[in-house]
Amino acid sequence: MAFASFSEFLAMGGHAPYVWSAWGVTALLLVATVWHARVEQRQLIKGLKRRARRANSLKGNTP
Amino acid sequence: MWAFIHKLGSPKWFYGISAKLQPWFWAAAALLLITGSLWGLAFAPADYQQGNSFRIIYVHVPAAFLAQSIFISMAVSGLVFMVWKIKVADMAAAVMAPLGAAMTFVALFSGAVWGVPTWGTWWMWDARLTSMLILLFLYLGVIALRGAFTSRDSASRAASVLAMVGVINIPIIKYSVDWWYTLHQPASFTLTSRPTMPTEMWLPLVIMVLGFYSFFIALTLMRTRSEILRREASKRWVQELVNGQMMKVPAEETR
Amino acid sequence: MQETGLQETGSHSSSHSSSSSSLYGADATADVLPVPLLEHKGGLMIAVKATLVRDLTLLLRRRGEVLNPLVFFALVITLFPIAISPDPELLATIAPGLLWVAALLAALLSLDSLFRSDYDDGSLEQLLLAPQPLAALSVAKVAVHWLLTGLPLALMAPLLGIMLALPVGSYAVLALSLALGTASLSLIGAIGAALTVGLARGGVLLSLLVLPLYIPVLIFGAGAVQAAILGDGVSAHLAILGALLAASLMSAPWAIAASLRISING
Amino acid sequence: MSLCLQARKLSCERDDRSLFKGLDLDIRSGEIVRIEGPNGSGKTSLLKILSGQLSDYEGELFWNGAAMKSVREHFLANLLYLGHAPGIKSGLSPLENLAWYQALSGESSEGKGGEEQRLEALEQVGLAGFEDIPAGQLSAGQQRRVALARLTLTPRALWVLDEPFTAIDRHGVAALERQLIEHAQAGGCVLVTTHHELAASTPIRRIALG
């Protein structure tokens, strides 16, 4: 452990704004890409299901 | 060999195999990134010169590595697509580009922030930062070119060619920027180059780099799967897949 | 097997003639065609020369288009002393960079029209269907672009150098570095022009694609002039510029040809 | 058999829209083949594939029994393609335009012989007297005729013509029709798309798309 206390850890020896903003932006971007990928996937599958349901009801055999 | 390549190229096959691979990469990414972050932020010693601002290296360097690697993978995918007409390769290249641009942005941002305590300014025309900035423009070019075509087939080919042209130029650009930098700023001090880094400093760095790579692979697999569904929506196997899922409880698509 | 688009298919004629004559030789005696099947005669140099002449004639008939980049170059250079300061000492220090950047932008300006009119009137299709390697024919078109843009810019630059108080002794290097550099710029830029020729508004996109790739040429070109001012040796810079030109001459034509094939299919 | 272009199991898919599938084609000497189909059925795409411009297809192409890829240059040396756009530079005169086409196939266009051939070809399409006027000043139909002059100027066995009758007057249409038939009779072959009704006497084979 490089820090004596948690508040020291947060202060980063006076470099807190720099360290935390760099890490924060990185974390934010990583999380955002994952979130975006999930939303994209869900919407796509929703759309595909809607399309399949429409096709099935046209054929007259709704599952 | 041929059979294998074409099997690899079948979207359906890829969709199946990527479903099996994906969880492992997500798990590895989570594990490595958490370990690396804790270690790098809390346990690695502070730098004797830069103090704690040095901890930015643990996001800056992995992002910079990944940004370059993604461009290379994009070009390789483009080559595979052009030579063997494997569509999955192009789908992967298409989903890689935004992540690559995001990584380049992270490298640039963390570099700029790091510059404040080190150089006392937000921006220095440092060799690494300058190359990163050019790389960002290359990414934006590929993304813009792909978006500019109305025909997706043409867009795929054009983006592949541009990615290959870009990847040939990246080393030339890097070399010339380094050369330019040393000419104009002799004996100045760069962010990350240091003679010796103790083990407890570089080990977390290695872990972070591996974590970023796992993350990249996992995300690319996931988004390529979405892209496959989007492009193959009218294919029989996708419709069967969707029908099969609707039979079951509307369970969420596994990731 | 299908064509991949990346490979330039037509290899040269002589290799074909032997294999194909055995294919058709027997038939030729059986029934003589009034419309005979032709062996590919080669004649690449004839085709390249004709393309050069054609493009030169076309551009020289519209002199305005040839002059525009030159006027643009002069105008941009005029803007800098007005915007920054008329102080000769200050101008002299930034002159190499200014001249190079302005020349680069001027060369970029005319790039969009390189394949555009051919695309619009259908001659590009015909160029693709000529029994000649497309890469060689596109080099002819790029050569015309350089002859009528890059070379005049290089010749004009010393004149503007005087206006920017460029120290004596660097004028020859300025012109030479520009002449060498703009040739690479035309080749690299032609890839971008070929990729965007099928797009309605490809102009801005073209600069986005091409400018990052111009950076090495810019570094060594402006570096050469700077070295000449400082009295350092310039041969290293010029050698690297030459190497860049050789590298682009070897690789760019294939990329241009592949890009043209993509654009024509759009 | 002296000339044949074959396609086997030709399929074309553009942006996931299937234009045609499993097409088998045999085009031989002495034939006029007309590709028919409604707008957007892939006529132009098929012509582009058959003339070696478009590589976006599945299936195989053969030129005189050999795979297209290995004899592409020989194929191109015997092909004359006219697309939607005439391929005529408006800044050049008809003579200069034709000189470029002559040279493009590797034939020397210089000297008296070349010039005479060009003049003759222009005369045949009814453009005598317009030889030195910039093509931009000619009408759309006249520009078409300059392009059609290539049919006589550079003799090729295989003609691939995409809507060749566009913008041409009735007199010109009849002459072109006659030219197509003569070419086929001479052992050449013609692949054509057109919305124009050809004279009933014309011996043509039809291929329907879409």
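In order of appearance the chains are A, B, C and D, and numbering begins at 1 in each one.
What we mean here is this: contacts are C-beta pairs under 8 Å (C-beta built on N, C-alpha and C of every residue); 3 or more make two chains touch, one makes a residue touch a chain.
All values reported here derive from a predicted model rather than from experimental measurement.
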| item | value |
| --- | --- |
| Between C-D and A-B, the pair joined by more C-beta contacts | C-D |
| Greatest separation from chain B - chain, by CA centre | D |
| Centre-of-Cα separation between chain B and chain A, whole angstrom | 16 |
| Chain centre separation (chain C, chain D; CA means) in Å | 31 |
| Between chain A and chain C, centroid-to-centroid distance (C-alpha), Å | 45 |
| Inter-centroid spacing, chain D versus chain A (mean Cα positions, whole Å) | 56 |
| Set of chain C residues in contact with two or more other chains | 2, 4-5, 265 |
| Residue numbers of chain D (touch at least two other chains) | 56 |
| Chain-chain contacts as defined at top | A-B, B-C, B-D, C-D |
| Residue ranges of chain D in contact with chain B within the complex | 14-16, 56 |
| Contacting residues of chain A [partner chain B, same complex] | 1-3, 9, 12-15, 18-19, 21-23, 25-26, 29-30, 33-34, 37-38, 40-42, 44-45, 48-49, 51-53, 55-56, 63 |
| Residues of chain B defined as touching chain A within the complex | 33, 37, 41-46, 51-53, 55-56, 59-60, 63, 98-99, 102, 105-106, 109-110, 113-114, 116-117, 215, 219, 222-223, 225-226, 229-230, 233, 238-239, 242-243, 245-247, 250, 252-253, 255 |
| Contact footprint of chain B on chain C as seen in their complex | 2, 4-6, 191, 195-196, 198-199, 202, 205, 208-209, 211-213, 215-216, 219-220, 223, 244, 247, 251, 255, 258-259, 262-263, 265-266 |
| Contact set on chain C toward chain D in their complex | 1-5, 9-11, 13, 16, 19-20, 23-24, 27-28, 30-31, 33-44, 46-47, 49-51, 54, 57-58, 61-62, 117, 120-123, 125-132, 261, 264-265 |
